[in-house]
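Next come two complexes, and both contain chain A; in the first it sits with chain B, in the second with chain C.
The block that comes next holds the complex of A and B.
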């Protein structure tokens, strides 16, 4: 296929090119299978983590997901990327959102609202792949993971910005695992994928925790889910085993709130951050708006405009393929300028919103880090829990009532 | 023992993965920047083929090179993919060996010894968040500063001559410093030699003083000497049908100019290669056109304004205010009268083509204005009234930070407009008297000069005056500039260079003749005609050496047009083409 991307020699030789035939797969059937399998696998995971509290089925789901959604369907459509399609459809009524993409976006959200992040557990091929290669979990410092935890939000904000401005679907473009699933592609991204997998061997799911924008979105719904994942129905004996076993650091230890800081100082800090919140939002909005012109260079109309302007400044230069297409199709500079100005105006608006959201993320993180809460036993952080079910087999209380429980694999 | 083997396999495979990843990344960036089908040799040969598509041997040669380039590219790509497969294979080896190595203790959770207090973690995390937010703010501010137009201009005008960014001057500098490489590829040499035989060039000269009316041509293989009387290096010569002081323009194989007298006003198209007249179009039956020809002086006439083309349409304007536009085959597309200009010498501002628009500087006594018209339909895109007095100057396009500005000289100001909507960008009141010379620009600086006024250098980013000079001022001829030097020719025979950054006068030539024609820079040389038809060739550098001068024998007021290997010159009574061959 790659050969066909090159133009044919541009003079007549009399040679007739053979017609190219492509076997068209039965896409409708495959899409139907995708949706059914997505629901079925999420159902199995929900049953395994909520009802049975066992890891075995999740591992099998992971294998199926990597094999089917990963290597067979080559990682597309994926729920992570569908965020962009949905955002574009919401802002551009000329964009027709395929039903399958909408379902891939909405179903994991619905399941997260009902059962927690069961999609992340093993249905998402990215999470499943990281889970399968995991060998040993070395814990990262909590302060570091807290900061890195902001990254998925920033990634989500940028992905939405570039989607609604019709510039690029950056989640798809910079997908680190797609090259692995397709056994080819952008070498830079494949290398990133390999590095992430190596990291995933020694620490739990680095992509899910520090990069995945869809995971960030699901964490909101998961934190308020109706049926929450529970370690055991029996009282916690604070043995700490579940905390140490969790690969994504989603189990909070007991906290007696005995910090040697005066209450007044803590309250003052919290109030300061509340005052700072609107300032951070405004600051983020202003800064992002200031760099909107630079960010807009990712848009093809802006790049073409720059190329045309450079060419008009020096018409003697050899035309690039893009410029040949521009001039060859009889496109006008005025039309291009209008499109360019429209893109710039869109970027001004959306970068302002994006900057405000980024300021909000920083402010909320700071506020969250300033709140003290007493906990008497180990608790699951439902926003961070990906439902991998590793913790169940380590809980002595759970084992007492379920001696036949599976040993963690 | 078994565990040690597994550990060693894991270490070796890990080292292999790291080394191989570095190699693959390097290879990837090499392949990514490759444009296999846009090599200089192939492009040159394609140009040859465009000119003469009957040369079967040449076509075969292109096919072979094309095939070779594709093969080389795909072989590299295949190697790259093979590397990826090997990398993935080694990754599997690493994972398997590591899993078995940790098989026994992987289910034993790592117990946190002496756990850190959560509040300490949170305090530390708050610090990190503030650092990250500060870092992001700093990065954003750096971007804001770097993209600041002010900073960009400062960089460009820095004295130490930092990196050149204006593509026009980049090309020029490259030309100035070009040294033929010894022992170059024979095929490339052959191709370069053959290029000189190409008749039609992609280098256009679409308006008065070239594209953007800036006096700089990208033409290659430009002739440096010719003899009109003996016909040496003269491709053809034709008498002009009707008089006019306008300058010829070139697009593809076509030369356009206009002529007018009391009987008719006409736009002409000649074949660049043969000099054959291809068509002419008369400005007739135009609504609003004055029945009586306006009074003009002998040295201005009815057709002093140069025509302009964009390669799809060509437009001409006359002293009656009639503007006509035709397609490249001479079919009239539209014609209109802009209102008879009240001008005591005669209207003389040239048209300027920019994309699909043509700009008309219409500074007459009644209603001075600048108008943008659609070249295909004549529809007015925008019009801005001006407060200038009568002007004979012509509009130019200046590129500032890669964005175009439409710059007009007038009395009393030099003004820049946004060519897309006519919005005024800046205005500097610095001129007086009768302004006939046009502006020029280089490196984000606009230069304007007029006799009895001054020479001014303006920072086109904000319209601030960088320097002024009163030493030598042109009357009709327009200046031309490179990144470092400005050149101008006066009506009293002095040709001078100036430092573009300081305004300091450089080399001055007193040539005891008169200059109306404007200098044009091509291939690192300044070409300039005197009114009595003497061609002067200078080096376009600080030395500004007079490289050659020779008589052509015909009075020449127009500015010649340049394309690859050819110069088209309009004299008082004829038009001729000089060829390098």
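The block that comes next holds the complex of A and C.
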């Protein structure tokens, strides 16, 4: 497109071409600082939660994280979004994954596997922001939290679906807090962010619990983590204070399973689940596959193909910018059709997998609801616990042995 | 005997076993995923990360101005002096329907007055961009490409760009001109 209509001027007055320098920030340094800070902050939280058992450092980490990862680095790239890059890198050989993105993805997972969700506790700027505004914890009804608790999984599955088909990074696109960190942006998303923050004032971390796809992923690893957060070393006196203090409903109350069922019935119930599980998976796969072509409209190639087809049908219409660019670049319709068909085939495959996974999520949630275990004392649900360390200072047993006075709020 | 049998089938032991199994599977999968990704990892310098516009593909549609996540777009007009014809009648500087060739605002292409013009020698004029005024609308680029050498072009300033994981302009770019470049490719320039 470089049109050289006019010859280069030959100056007689000794004019020199100006040297123009375009600023390049020290990107390598910033990336290095990001990674070092990520590890350091997660280390501090792990130490505070597992060893020191106090909340003070976590609040400081939250402030640093909101200031640095949030307002200074403007929230990109974050671990939540990195899921999409990693998924794309795993399925597409041509996509070059930067090391920093890989580290942003894998380090919090690794820490979750070792110490629980310490990343969520205060290193993630989104979690930290919600933690800092929280003033009161109203408990939500169990039915609501169970239904909403499936949403992060669905969100994760959709995000992966759109990432591996190279359509869109929906986690980044529908990010409620990024507009707040950038002090500007899409007004709809900022409104969502503000609403979430107002909700976060009265109930613990609505985004983390009901939307965050990365938190869902971390919960798998934290539930089998090697070092686990303990409520107290001393025997629990079942006072329920920790349960009331927990902002994310991660402390399960004692439960006496009175209706002791016979072994046969238990086995029967288990068999029913195993029939139900593949049925739900098949249902999900079938449903998602049937809407695959509708979902594929999020892909740019598909939209362009539709536009071109529409234009070919009535050529008299005014050209849109996309069509102008398409015809201007002299792309062939055959090439576009080929790309379109490839995207459609990808969507057929991946929507089926996504549907199956969604069925699995529903099935596991249902099974989880009907499994009733006897608990003698308050126990932490390590999948849901975000390691905010609120419960420690509420535990009367913990206070007895800890009179040195370093009990944080 | 009965007691012993119950202990053997006790759910506690089973749960412990499942937990160890879960830990092993989780640890294994972390190793596997990071191994696969690390083997595919290109050199950090080669891995593309920073958004740049391909000036050859750009159709200066004007969406760079409106669709950037920043209030004032990180896309600015760049000027390749070595391509420029230093014309008096500049397609990027004057509107095509300008009544008079003077610096009155109604004659100028740039809505913010970011293009400055300096007399060099007869008949040549030097054009420079005041980046702090430029909003990346691309009107001058359109003018320069349709009546000129195409020395004005749009590019993303790396010091202004927030490196969104998914560039919002790239999503709406009609010609797919915005792609990622690696750390050591500084700018896609037109010189």
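We adopt the following convention: the second predicted complex is superposed on the first by the 368 of 409 C-alpha atoms of A that agree within 3 Å, B and C clash if a C-alpha of one lies under 4 Å from a C-alpha of the other, contacts with A are read in each partner's own complex, and residues count from 1 in each chain.
As a convention for this text, contacts are C-beta pairs under 8 Å (C-beta built on N, C-alpha and C of every residue); 3 or more make two chains touch, one makes a residue touch a chain.
What you are looking at is a predicted structure, and each value in this text was computed from that prediction instead of being measured.
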Query = Should A:28 be classified as contacting the first partner (chain B), the second (chain C), both, or neither?
reply = second
Ask   = For A:47, is the partner it touches chain B (first), chain C (second), both, or none of the two (neither)?
value = neither
Message = Contacts for A:60 in the overlay, against chain B (first) and chain C (second): which applies, first, second, both or neither?
response = neither
Message = Under the stated touch criterion, which partner chain does A:184 make contact with: chain B (first), chain C (second), both, or neither?
response = both
Message = One more residue to check, A:224. First (chain B), second (chain C), both or neither?
response = second
Inquiry  = If we overlay the two complexes on their shared chain A, which of chain B and chain C does A:76 touch? Say first, second, both or neither.
reply    = second
Request  = Please indicate which partner A:174 is in contact with in the superposed arrangement: first for chain B, second for chain C, both, or neither.
outcome  = neither
Message = Quick check for you: in the superposed arrangement, does A:102 touch first (chain B), second (chain C), both or neither?
response = second
Query = Where on chain A do the contacts from chain B and from chain C line up?
reply = 2-3, 6-7, 9, 11, 13, 184, 320-321
Task = Show which residues of chain A lie in contact with chain B when the two form their complex.
result = 2-3, 6-7, 9-11, 13, 133, 135-139, 141-144, 146-147, 150, 179-180, 183-184, 187-188, 190-191, 194-195, 197-198, 201, 240-241, 243-245, 252-253, 255, 257, 259, 261, 280, 283, 287-288, 290-291, 293-294, 306, 309-310, 312-321, 332-334, 337, 358, 362, 365-366, 369-370, 372, 394, 407-408
Task = In the complex, go through chain C and note every residue touching chain A.
result = 19, 22-23, 25-27, 30, 33-34, 36-38, 40-42, 44, 46-50, 55-59, 61, 63, 69-71, 78-79, 81-83, 85-87, 120-121, 124, 126, 128, 145, 147-150, 155, 157-159, 162-166, 168, 171, 174-176, 183, 186-187, 190
Key: chain A residues within the chain C interface of the complex   = 1-9, 11-13, 15, 17-18, 20, 22-25, 27-28, 74, 76-78, 81-82, 84-86, 89-90, 93, 96-102, 106, 109-110, 113, 168-169, 172-173, 178, 182, 184-186, 220-221, 223-226, 300, 320-322, 324-326, 328-329
Key: Residues of chain B that touch chain A when the two form their complex   = 14, 17, 21, 24-25, 27-28, 36-38, 43, 46, 49, 53, 59, 62-63, 66, 70, 74, 77, 80-81, 84-85, 87-88, 91, 94-95, 98-99, 102, 106-107, 109-112, 115-119, 121-130, 132-133, 136-137, 140-141, 143-144, 147, 166-168, 170-171, 202-204, 206, 211-212, 217-219, 354-357, 381, 397, 399, 402-404, 420
